[in-house]
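There's a structure below that I have some questions on.
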Amino acid sequence: MSLNTFGHLFRVTTWGESHGSALGATVDGCPPGIAVDEAMLQHWLDRRKPGQSRFTTQRQEPDTVEILSGVFEGQTTGTPVQLMIRNTDQRSKDYGDIAQKFRPGHADITYWQKYGIRDYRGGGRSSARETAARVAAGGVARAALASLAPGLTITGYMVQIGPHAIDRARFDVAQIERNPFWAPDAQAAAEWEGYLDGLRKTGNSVGAVVEIVASGVPAGLGAPIYGKLDTDLAAAMMSINAVKAVEIGEGMAAATLTGVENADEMTMGPDGPVYASNHAGGILGGISTGQEVVVRFAVKPTSSILTPRRTVTVAGEETEIVTKGRHDPCVGIRAVPVGEAMMACVLLDHLLLHRGQVGGNRGRIG
Amino acid sequence: MSLNTFGHLFRVTTWGESHGSALGATVDGCPPGIAVDEAMLQHWLDRRKPGQSRFTTQRQEPDTVEILSGVFEGQTTGTPVQLMIRNTDQRSKDYGDIAQKFRPGHADITYWQKYGIRDYRGGGRSSARETAARVAAGGVARAALASLAPGLTITGYMVQIGPHAIDRARFDVAQIERNPFWAPDAQAAAEWEGYLDGLRKTGNSVGAVVEIVASGVPAGLGAPIYGKLDTDLAAAMMSINAVKAVEIGEGMAAATLTGVENADEMTMGPDGPVYASNHAGGILGGISTGQEVVVRFAVKPTSSILTPRRTVTVAGEETEIVTKGRHDPCVGIRAVPVGEAMMACVLLDHLLLHRGQVGGNRGRIG
Amino acid sequence: MSLNTFGHLFRVTTWGESHGSALGATVDGCPPGIAVDEAMLQHWLDRRKPGQSRFTTQRQEPDTVEILSGVFEGQTTGTPVQLMIRNTDQRSKDYGDIAQKFRPGHADITYWQKYGIRDYRGGGRSSARETAARVAAGGVARAALASLAPGLTITGYMVQIGPHAIDRARFDVAQIERNPFWAPDAQAAAEWEGYLDGLRKTGNSVGAVVEIVASGVPAGLGAPIYGKLDTDLAAAMMSINAVKAVEIGEGMAAATLTGVENADEMTMGPDGPVYASNHAGGILGGISTGQEVVVRFAVKPTSSILTPRRTVTVAGEETEIVTKGRHDPCVGIRAVPVGEAMMACVLLDHLLLHRGQVGGNRGRIG
Amino acid sequence: MSLNTFGHLFRVTTWGESHGSALGATVDGCPPGIAVDEAMLQHWLDRRKPGQSRFTTQRQEPDTVEILSGVFEGQTTGTPVQLMIRNTDQRSKDYGDIAQKFRPGHADITYWQKYGIRDYRGGGRSSARETAARVAAGGVARAALASLAPGLTITGYMVQIGPHAIDRARFDVAQIERNPFWAPDAQAAAEWEGYLDGLRKTGNSVGAVVEIVASGVPAGLGAPIYGKLDTDLAAAMMSINAVKAVEIGEGMAAATLTGVENADEMTMGPDGPVYASNHAGGILGGISTGQEVVVRFAVKPTSSILTPRRTVTVAGEETEIVTKGRHDPCVGIRAVPVGEAMMACVLLDHLLLHRGQVGGNRGRIG
């Protein structure tokens, strides 16, 4: 019920604002005896860290994570793991111009309307800095998955920036870490570089599509109706800042398929059914099939741009706004590690739920 | 935590299988003093009722709802409202052929793997009949919204069947109830009729895209991070059978927009900000803006088709399957009233949450 | 969050009023493959059934339970089990005199103040009839426990009625089912019979203390802080109508013990630690020790009495009230099977939680 | 569902161990615009602080609370309030003797059995230090109550230590802060001083009974069945370390009362019903009456004593144990501010729930 919390048995509550003294995550429900340390979490945080290229925010922060509780002698204890990241770069002076103006497409107006709070210092709770806490929590989830579901891997990458999509024929997982966009297609990465440089020079921004794939997911995770694996994945991804759509498997394209085309035909392999295709994205009736779980989400462009846009002030006056300060030409880039973290959290949660509620798969095939 | 439940304060737990004696919804958290009766709920159920045209399942059921508790002298009492719908048409003989074979693209295989239960009688818990309970519960939510947010309206309609989308230039809300597809475009409806007749004759099926719009939604509903309005809407829609994608506002297309294009510019009207566009779909930072809330979801084609598909049996033998019996050429059609019901439930839930947690909007503009 | 629900993974939502058409329980989270049928549940309901002696309410109802969903071919399917009990004896005319008057010590006044609902027909939602649904749900929990924790037994009995307590030296479990009071002490039962006959003749009532003991509970159930086993037991028992106190182990008497006296000393047996005493009631730090789990609760006397008491009416007039109609001289008697049912539900829930979160006990002794 | 969390809308998750680097509370759901600062919270923490007299643990810690998030310019923002208290006095060497032995009556054995974790440094998560986080969170709840329910006061005090109870005839609220026991009876305080000095000299300990009273609680808070006000209070108090029983109003004594005695008769006052007594403890049918809400709980003696007790080691060897180091002759003393904090949290939570679900009391009397 806590509205800053996600998960059923593995529960993550994030806290903190972009310009407060710290932010973090309270991770409750991690099984005991899982090897976790700060270096392990820092690894994932470093991948998300801002300021690593000219295509992400120039905010410079080490984003160092501290484990305050729940780990003793290098292992989780079964009690809450508190993760804290101090905010060090809190230059709020850059935001002076926008203190009284609402940014079109930004949450500052709805937060104001709801809470009567105007945290003009850079987004407050709605800032993408909150996602650092998710990435740290995701690191705990990955550690638990490594122990409970060995062989399970999670890979996130960018499939589209603006109108420019990757070519699936050139898909090469080895490329993902070799460019600043997490592109699995070297040619697309080169194309995006030029495209984003152009946008950056004019202070404009653009949206993106991120894909997260988990392989080695056991069949049987999920539940009917509202605790479906895809329901929880949709919520998890939609909860990331600026996300406007979530797809499982074929996603929106499922609308254009016929039943004949959409059927993932099966033959029998040595270890169970073998699927000829994966239109379903690894989930049927809310429950994992054992195939790759495939999720995509669209990230809108940031509203912090240099082109003047018409808006209103808190006092109700019409005006124009230009957002100076740090710009992210494509906030979608930094969403890749965040999507991976959410996938890890959801899969671990459903693994624990399945273990608790069913205790192991009950139906054999063959 | 209950995995068949949705909602925070207004909570709906659905129960029942396609071929059990009854199905229904336990609705907890409806405010007291709301006028609710069976006729009111029946109105919504009748819109969803199967067998109304040759384009939806030929299962013939009156789907009569009974209120077993929580309503006294025509008003809700504040205690759980139990809604029951008896299953009357339980012809399970039609399904004999598929008792041992898994249908490609159907949940029968994952339910079997997880639970070891093979309810061959027609989908069991994964059947779309479960959505009747949601529609009934949505009727309770609508009654409460009528009292708590007068002027709020919810309208669902079909925007695409297979490759054929409506033409937004021809959008006419008056058309929606005049064709068996909930099409807001008479020309599209005519086109779909021919297209679906063709599919039906070959025992094939196709996907669809449904759009649900709520207008008159107060600004300020939602919450940061995981209790976002869009997060809950994404989960609600993804939890409907056969849904594979959910979009808010621009949805996937947000990826192709620049920040300049995506900004919903504002001017000042007599009652507050007036937006020049609604790329955001009425939600910024997880909180409603007061604009129309716009959600779309894609429904995959049903896996019950006449074309033989390769599959395996429970015993692990390779075989082919053809699903005889009743067919829905486009299960997306019946998802329209279901999507409306989910929208009603989520909005009421967030209205109650907002009232509880904040007590009314705190920030004024102008 | 649903306020008519209890449990984390094994979740029971009760619904229904004393004079509506039916009442029941929605049981979500029961593991699949558990043998459950109506006869099994009816067995427990029959133990609670009113009208079995002159010491409980004269309301005559068969309290026949119907399983509407979640059981297929005699086994649970893993989906919600809906249990319905029709109300057949709804004689509301007896309550005419109290339609406008509040009964001192009865919930009718607080329900009115909160909800503005006056269900004068016999308590509405606050009636002890609601506990029939708990007993039915408890039957499902017992069936699952029989499978998951064989050897676990739950025994409830009466230890005190009014000022008359049992003599622990005469404790004989075989007596419990041989008298209408669930007394484990034949002499106390005889004493209570005379005492209650006296109260009944004057239309008076009295309180009671019920004890519920579970043996064969595995060590390790529970969790720190708020999901403690004793926390959930306290909530479960306090949620029963008319309960005003809950004790674990020594309970209130723990206040009078010194640390030396209170220590449950241990020696080593063949299967682990053997405790010399059980002051703790089988729970330390919120987690079961493997000893008997011992819970007691006090039930207040019913407010429906023949002695006139001063009160007020809905219109705010001072008056006197006498409650005619059916009387329970000691509502505590019927609370015995209810307490057992709550114990079963809580233990099953924690068994599932432990399995999900920890996966089995991790620390060995010896 | 999070097992370290309490509350429905106002949710507190505590984290941290006795000898980790910090402990604290994640407070989610506090309404926005509430004046909160560190000094205000420190006030409550100082009342609970250990080492204030020779009757509580000699651990010396400033227990300084830091607000890391959720408060901006002196007001809550509606987002999570993170409260952190650094552990400064972590002398774990004192506990060397007990590293391998289980203390009879202590949670070290059940934590070991469940989690396989042996945090010999002083209780780990089961240490009463965790309650500092509750007191800090309770400070936030009190601040919100001051704004939302002005006039509501919460008073906790000791009513019994070992066999020595206060004399209600001497009850004087002014005495509570004038003695180290929170005794509302100066004579009892004097008596306890001698009694506890005796126990302290022999390294023994004793239990206690604490009473918490809230006055000015509006009628109508609570809900039927499981979200009852008394259910949540019972859970809240039982969740405090070492608590073994919880009573509402008459509590266990309700068992001995007749219906005639137990009836809280009513007359009509200028502002509504006036009760002649408060056997109910301010709660009927789970909902507040507007009278004082009265809760009592029994705290067992600490298991850290100097008298040797028989026990076993992790290796399964029989031995004796003596707990050296810091001793609390009566841990119940420090439970007084904790019980107050829990009362504040539960009342605020139900105030928000009531506002959300009902929106204000609906039934008038007179």
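Per-chain residue numbering starts at 1, and chain names A, B, C and D are given in the order in which the chains are listed.
The definition used in the following text is that a contact is a pair of C-beta atoms (placed from the backbone, for glycine too) under 8 Å apart; a residue touches a chain by one contact, two chains touch by 3 or more.
Quantities reported herein were computed from a predicted structural model and do not represent experimental measurements.
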A-C or C-D, whichever has more C-beta pairs in contact: C-D
From chain C, the most remote chain by mean C-alpha position: A
Euclidean distance of C-alpha centroids - chain B vs chain C, Å: 39
Computed distance of Cα centres, chain C from chain A, in Å: 45
Intercentroid distance (Cα basis), chain D paired with chain C, Å: 26
Multi-chain contact sites of chain C, meaning residues that touch two or more partners: 1-5, 8-9, 14, 29, 32-33, 78-79, 114-117, 125, 224, 353-354, 357-358, 362
Contact footprint of chain B on chain A as seen in their complex: 1-6, 8, 14, 102-118, 125-126, 130, 160-163, 199, 204-209, 219-220, 222-228, 230-235, 237-239, 241, 244-268, 272-273, 276, 279-281, 283-290, 298-305, 307, 309-312, 314-318, 332, 353-354, 357-358, 361-363, 365-366
Contact set on chain D toward chain B in their complex: 1, 9, 29, 31-33, 78-79, 224, 352-359, 362
Residues on chain B engaged by chain C in the complex (per definition of touch): 1-5, 8-9, 11, 13-17, 20-24, 26, 28-29, 32-33, 66, 68-70, 72, 75, 77-82, 84, 114-117, 119, 124-125
